[in-house]
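What follows is a pair of complexes built around chain A, which joins chain B in one and chain C in the other.
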Partner chain A sequence: MPDLLKKKNLDILEKEFGTINKLSEQIISGDIRTLSRCITLSESSREDHQIFARAVLGKILPKTGNSLRIGISGPPGVGKSTFIETLGLYLLKKNKKIAVLAVDPSSAKSGGSILGDKTRMEKLSQSEKVFIRPSPAGTTLGGVGRHTREALLLCEAAGYDTIFVETVGVGQSESAVSNIIDIFYLLISPGGGDELQGIKRGIVELADLIIINKADGSLKKDAENIARDYSSAVKLLRPRFNNWVTKVLTCSALENTGIDKIWNSTEEFFQKFNKEREILNYRKDQYRKWLREEIIQNLNKQIYSSTKINGLIEFYENKVLVGDILPSDAAYEIVNNFLKK
Partner chain B sequence: MPDLLKKKNLDILEKEFGTINKLSEQIISGDIRTLSRCITLSESSREDHQIFARAVLGKILPKTGNSLRIGISGPPGVGKSTFIETLGLYLLKKNKKIAVLAVDPSSAKSGGSILGDKTRMEKLSQSEKVFIRPSPAGTTLGGVGRHTREALLLCEAAGYDTIFVETVGVGQSESAVSNIIDIFYLLISPGGGDELQGIKRGIVELADLIIINKADGSLKKDAENIARDYSSAVKLLRPRFNNWVTKVLTCSALENTGIDKIWNSTEEFFQKFNKEREILNYRKDQYRKWLREEIIQNLNKQIYSSTKINGLIEFYENKVLVGDILPSDAAYEIVNNFLKK
Partner chain C sequence: MSGISKKLFEEWRELARKELKGKSLDNHFWNTPEEIKVMPLYTEEDLSALSEQKESLPGLEPFLRGPRATMYTNKPWTIRQYAGFSTAEESNEFYKKCLENGQTGLSVAFDLATHRGYDSDHPRVLGDVGKAGVAIDTVEDMKILFNEIPLDKMSVSMTMNGAVLPVLAGYIVAAEEQGVAQQNLSGTIQNDILKEFMVRNTYIYPPGQSMRIVSDIIAYTSKNMPLYNSISISGYHMQEAGATLTQELAYTLADGIEYVRAALSAGLEIDEFAPRLSFFFCTGMNFFMEVAKLRAARFIWAKLMKQFNPKDSRSLSLRTHCQTSGVSLTSQDPHNNIIRTAYEALAAVLGGTQSLHTNAFDEALALPSKLSSRIARNTQLILSEETGVTNVIDPLAGSYYVESLTKQVIDKTLSLIEEVEEMGGMTKAVSEGFTKMRIEESAAKKQARVDKGEEVIVGVNKYVNSNLNDKIELLEVDNEKVIKEQIKKLSKIKKERNNQKVAVSIDQLRKGANGKGNLLELSIEAIRARATVGEVSAAIEDIFSRHKAVSKSITGVYGAAFSEDKMYSETQKKVNEFANREGRQPRILVAKLGQDGHDRGAKIIATAFADIGFDVDVGPLFATPEETSKQAIENDVHVVGISSQAAGHKTLVPELIKSLKKNGGEKVIVVVGGIVPPGDIDDLKNSGVSAIFGPGTPIIDSANQVIDILLDKN
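Right after this comes the complex of A and B.
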């Protein structure tokens, strides 16, 4: 830290936002405003803000790791918000403190935020024991993972014991999120078309629980059929963990049915893994990956800020642009020069 | 190249696969088997194969750049295969040579391939002027971009003048693919639910043409309604290019209606951009990004194969795993030591 942030800058930041010690104490005491502010700092495009937030994170690190980390994904329109609201209200009755981090795949172009208004989970957001927050996916390498993970750790330190990481769409962010969470819910709705076609298999394999939502009204029969199809299908897939067979359940978030089954299965999952310490090993793997991502990002920053290399990158870029050389060969030359003693 | 592949290894590879000169000549002459083989080499997990394929690629580089590069995406079940088949048959009548590269988001876990059987486009694949090929997304950084881009360039050198890059799902691979193609089709089907909800906006913004497929039978009316909704919605979005307003069209790939309108708009798109040389500038931007990706990958390889750093990575990894230090701070120390003279 002291290396990363000059004393003078640190003083300015501490004057503006509070001291690192004070901020971490406030987060640990559960102060929501401080929690929000630190998440905002960690998402800032200003590097000094990020480093400052990370210094706070470093302080609260011993207080992290005590939540159930639950990933939720599913195609658009499947009813993720309603599901989280219904499950969240159920968990509030069990005296849980809940955080919902919604990974926002905001356009890489506009940089704008499209999710995240609390109106999506109106009842849930009214509780004082609930913290709802969009987490920008970001445009940079490792964006999804970094922001969301930092927010998750800060929430854990603030005492949230059940944390949902919601992703929308069916894409690569799921795989990034699976590096952060313990258990992964995949929501499916009946009537969405060719649910079982191979293309979704990559996502299906990430799922520890497959939940067919909207099992109500005229779709109830369909939901049961699809559940049966998925139950057969998951037998063909390798589960994420050796001793957990992916379960397929139906529910109606709208009519509040089937929620208890889902939570029972979730508890069963965590009991199993806490007992066998698999969760711990799994989280260790996640931290290893995280470290690798940070190394890449750091290296990348170094090469582009290197004065020694600057002209050379431009030189090769021009050669690439006129079709003189392949980018891979140009990269080889650039990196070799950068690393040359 | 000579730096990257030792003479001895090169000899062995040239003996096995043919000389680099011969292979590039055969590709340029349109030999499909050589084309296939070189794509396979470029996708190999063996690094010497990759480098060898890239040497061929370097040779044929001057023969690339002459195709219409068309990205096609859309949610599962929208009918992408049928659409490509119908449009492809239409283009065959216009004497086009067509390549279809299907980006296969195969499970990061199993590494298996789930798409790619030619049976998906049965009629189209029977033509000698059509080349259909799955392109593994890969598990590594830049996987989608690299494999698919190399396959695309090889196809261009082989004389394919219309190249479709198909992605499935609605996720980050679209954004990688948009770095490879010129025009982006987004396929939507009526009855898919909440089509206009914000979560798809990131993908919608990538689209130059939004195509409502399945405008037939009982869904025709729905298709027209959705087209109207999208037409209003795209007005709120920034188009990818300043002088191209995203068009919304309907078609039925099944009944072969609306295909001519789609192709006319596509030609209009390319005429516009060829005239204004915007395509050229756009492709240059894509090549700049490509170079940046290659630099990252190369650096990453260097740090992990560095003997100087090896023990240090392990040391800090252990500190990270017991919660002593944040991965970001550990990465800072590791990279600093790696770069220290």
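Right after this comes the complex of A and C.
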């Protein structure tokens, strides 16, 4: 992989960040500074950074694959961070090493964003055995999947055995994330009866556990009601796995109730799949998808960075707009032309 | 129209148009931040619909013109200066001197460790002990604090909300051991926890449990301490945090209603406690609006309290303390602050306040010195005794402008209160962070107005005097010495007390928190047995848990105001240049260290920097230097920005830099913003701080400097 970089570029990068060998060793030894550095490099919009990060990833790949990969999503305000804090503190008592990767939305206008996760996972973030990294989603959605996957692999190599990937729950990033994780939690809050409509059906289909949070105080009854609604609704959905029926559970992250049930179900999930080796097959499927996605992204980038093709696109666009040619025929011509080069 | 004929008015309009050289008069309307449209001229016609205001008299319902019939003509307002110096000994000496020099009431400032219920030897509070007020660990400290001050004669106000139970208990026991019975104690405890969740953040327990404490205190004092004000419902910190005047008023009164409901549901009768509720407002530079605000406050409170059917008319009357605005003070050209404070004091007095604190001019630089405290006190003495303002009650009543403005403030405020009520009341609105967001939005807008020069601050964004060289003597606190002294006292008491008795009382307290006992009564028992502030707080925390703030941030408000600003777009350009070079946006961690919960500055910085194009990590409140450094490294930030309002920086920032270096973050740039005394600047820079931004630095300037440092460095 590093041969994609010119020797001179590689030298500069190795001088700035350390050699690829050194970096991978340090990650494997659990050095947090190096881990966070390499995540930055993989998230970078600079191509040389990305290639360099991938070179490190290539080295640490044999050390990956040993964690429980858990996706968490839900609408804004449902209490995802509080939930992770409570569940995380519970898991610390079970001697787990936890990483949390949170994808935050960016404001596209200026490129900046506010990443406030640690204010919400205050106690968890203080632990030596916890690594929390919020990342801006960036302006391209395609980035979410790739960046998060690479960060996840880096965390695994650094020895984190339970990894949470948190997304906002507006739809697009969830399906990308579902290609990275093993089990998917969907968090829902009990307020209001039309919640079922508020969450896109597609996301509900991805869920292995549907968790009704905030089952406390005056909302406790509502939580139980909505849990019942979901229990009957999921029966109509096609499950993600043949031998796992989506479970609906209630909890209160605030009052720390129902957390053990959630973890028991999670362990049950993994036991089942480890026994039947389905997790491995599932992860292989994810890699197949990853490969195909990368092919498309690569092609995409190459096509649009060619000035010749861009000229051609402009040429055909005009023809399309005046009705001289169908868009599909125009696309065929353009792609053919690109392949001929 | 009885006074001015239509013809005459048109004549005036014509004349005005001429003077404006043909421009419309409409351009001379002033849209205030409260969204009140102030006209250039008011006439008798504007009064015609205001019969309720016109027919009002002082001391009578609805108390628009004052809570008492005679107001200052009989007795001027109480000059009550808020102060506290590191140790009980120093504070006591200072109080005694103030009383000799004409001050008429005491107001105790506690350090942040005490506020948050920690003893001085707790590892989380090392930077905060003795910094922004007096450190109190046990009743022995309390006794020293009030040594030779007769508590049966002197009314004492205590600003305490988080650790109210051990502190109020400490005051009661100290008085008891001085020989003063509870029923003779007069004064006020702030005990206003709801606003802590919106601004200031010196809470300990979650909102629901905190409300239980409030009603326990109201219940206990209304039975045993009839002269004592059990709560001071405060808007002060809201305005300081950036709230508009109508937001300050609305949320404060809505808080008040919430406390009334809590007390009623605890089984009290309305007239048992309502007459002892008192308020606390901020008086800023918007002169007439401030006068109108206090008048409106009394009017609305009387209306709102009617719903509880009190028989005693005192239950309808709002009495208030006022303090001049702290954020209106500037570190640049600080002597200007004396003048600002004087105008603000005048507004509070014309609005009819019952007591007043005037700020010291050096408070934007450090904690007040002896000289600045004296000038602040004298500002009130001169106002009270030289100007003649005390001779007439509510002298601005009947002014076309002030009465109209009062009416508009009333209407605006009522609609804001209604919004909160519709959400299900203040505890709910606060738990959901609704009001906090509203205030933060106003704060971001205000900052944008100031940074753009639309709101003038002399010496800051206009008439800037760059070669000032005034020498100002500032107060320095030797924090390590205070900690040592406090720890010595603590270990002595822990050795001498009956530990068995302490354990029993603490256990009782836990049981009470779990069940029904009155928590103040149980705290008094524990404090009497020499339990510490930290022990009492921790016992209750065991049952109630410690509150964690839900922090929400807004974006877009600051940036929207700058869409066409040149400096703004230049800074954005630099940010983009950096992002292209580095492969990502510049990333900054905005952090607060120690127990200082004033997060207005941090919040505004976060939202403005995000608008400009930074990726902003927001650190949790009350972090230690090690925690902040861990976060900076995990998030791989380029910059850590520390916001400091309470003098903890001198200890905490160097610790942070040390910790960053130890963990491989030696390249992370550290900048500090907030109240940094000039004398600390060199020390901070020597410890590795790259830039320091004092109060009044436009955010865009600080962003510009930060990005320059980053571009330069890499």
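The definition used in the following text is that the second predicted complex is superposed on the first by the 302 of 341 C-alpha atoms of A that agree within 3 Å, B and C clash if a C-alpha of one lies under 4 Å from a C-alpha of the other, contacts with A are read in each partner's own complex, and residues count from 1 in each chain.
Following the convention adopted for this analysis, a residue touches a chain if its C-beta (ideal position, glycine included) is under 8 Å from a C-beta of that chain, and two chains touch if they have at least 3 such contacts.
Bear in mind that the values here come from a model prediction, so they are computed numbers and not experimental data.
More residues of chain A are touched by B (comparison of chain B with chain C). Looking at the shared chain after the overlay, A:K93 reaches neither chain B nor chain C. By the document's definition of touching, of the two partners only chain C reaches A:Q126; chain B does not.
Contacts of A:P62 after superposition on the shared chain: chain B is touched, whereas chain C is not.
Of the two partner chains placed around the shared chain by superposition, neither chain B nor chain C is touched by A:K7. Contacts of A:E205 after superposition: chain B is touched, whereas chain C is not reached. When the two structures are aligned on the shared chain, A:P134 is found in touch with chain C, with no touch to chain B. Legend: residue contacts after superposition of the two complexes on their common chain; A:K15 is shown touching neither chain B nor chain C. In the superposed pair of complexes, A:L339 makes contact with chain B only, with no contact to chain C.
Chain A residues 106-107, 109-110, 114-115 lie at the interface with chain B in one structure and with chain C in the other.
In the complex of the two chains, the chain B residues touching chain A come out as 1, 3-4, 54, 57-58, 61-62, 64-65, 75-78, 105-110, 114-115, 141, 168-175, 189, 192-195, 197-203, 205, 238, 240, 284, 287-288, 290-291, 293-300, 302-303, 313, 316-317, 320-321, 323, 325-332, 334-335, 338-339, 341. On chain A, the positions that touch chain C within their shared complex are 31-33, 36-37, 39-41, 43-46, 49, 82, 106-107, 109-116, 118-120, 122-123, 125-126, 131-134, 136. If you check the complex, the residues on chain C that touch chain A are 548-553, 555-556, 559, 572, 575-576, 579, 582-585, 606-607, 609-621, 627, 630-631, 633-636, 663-665.
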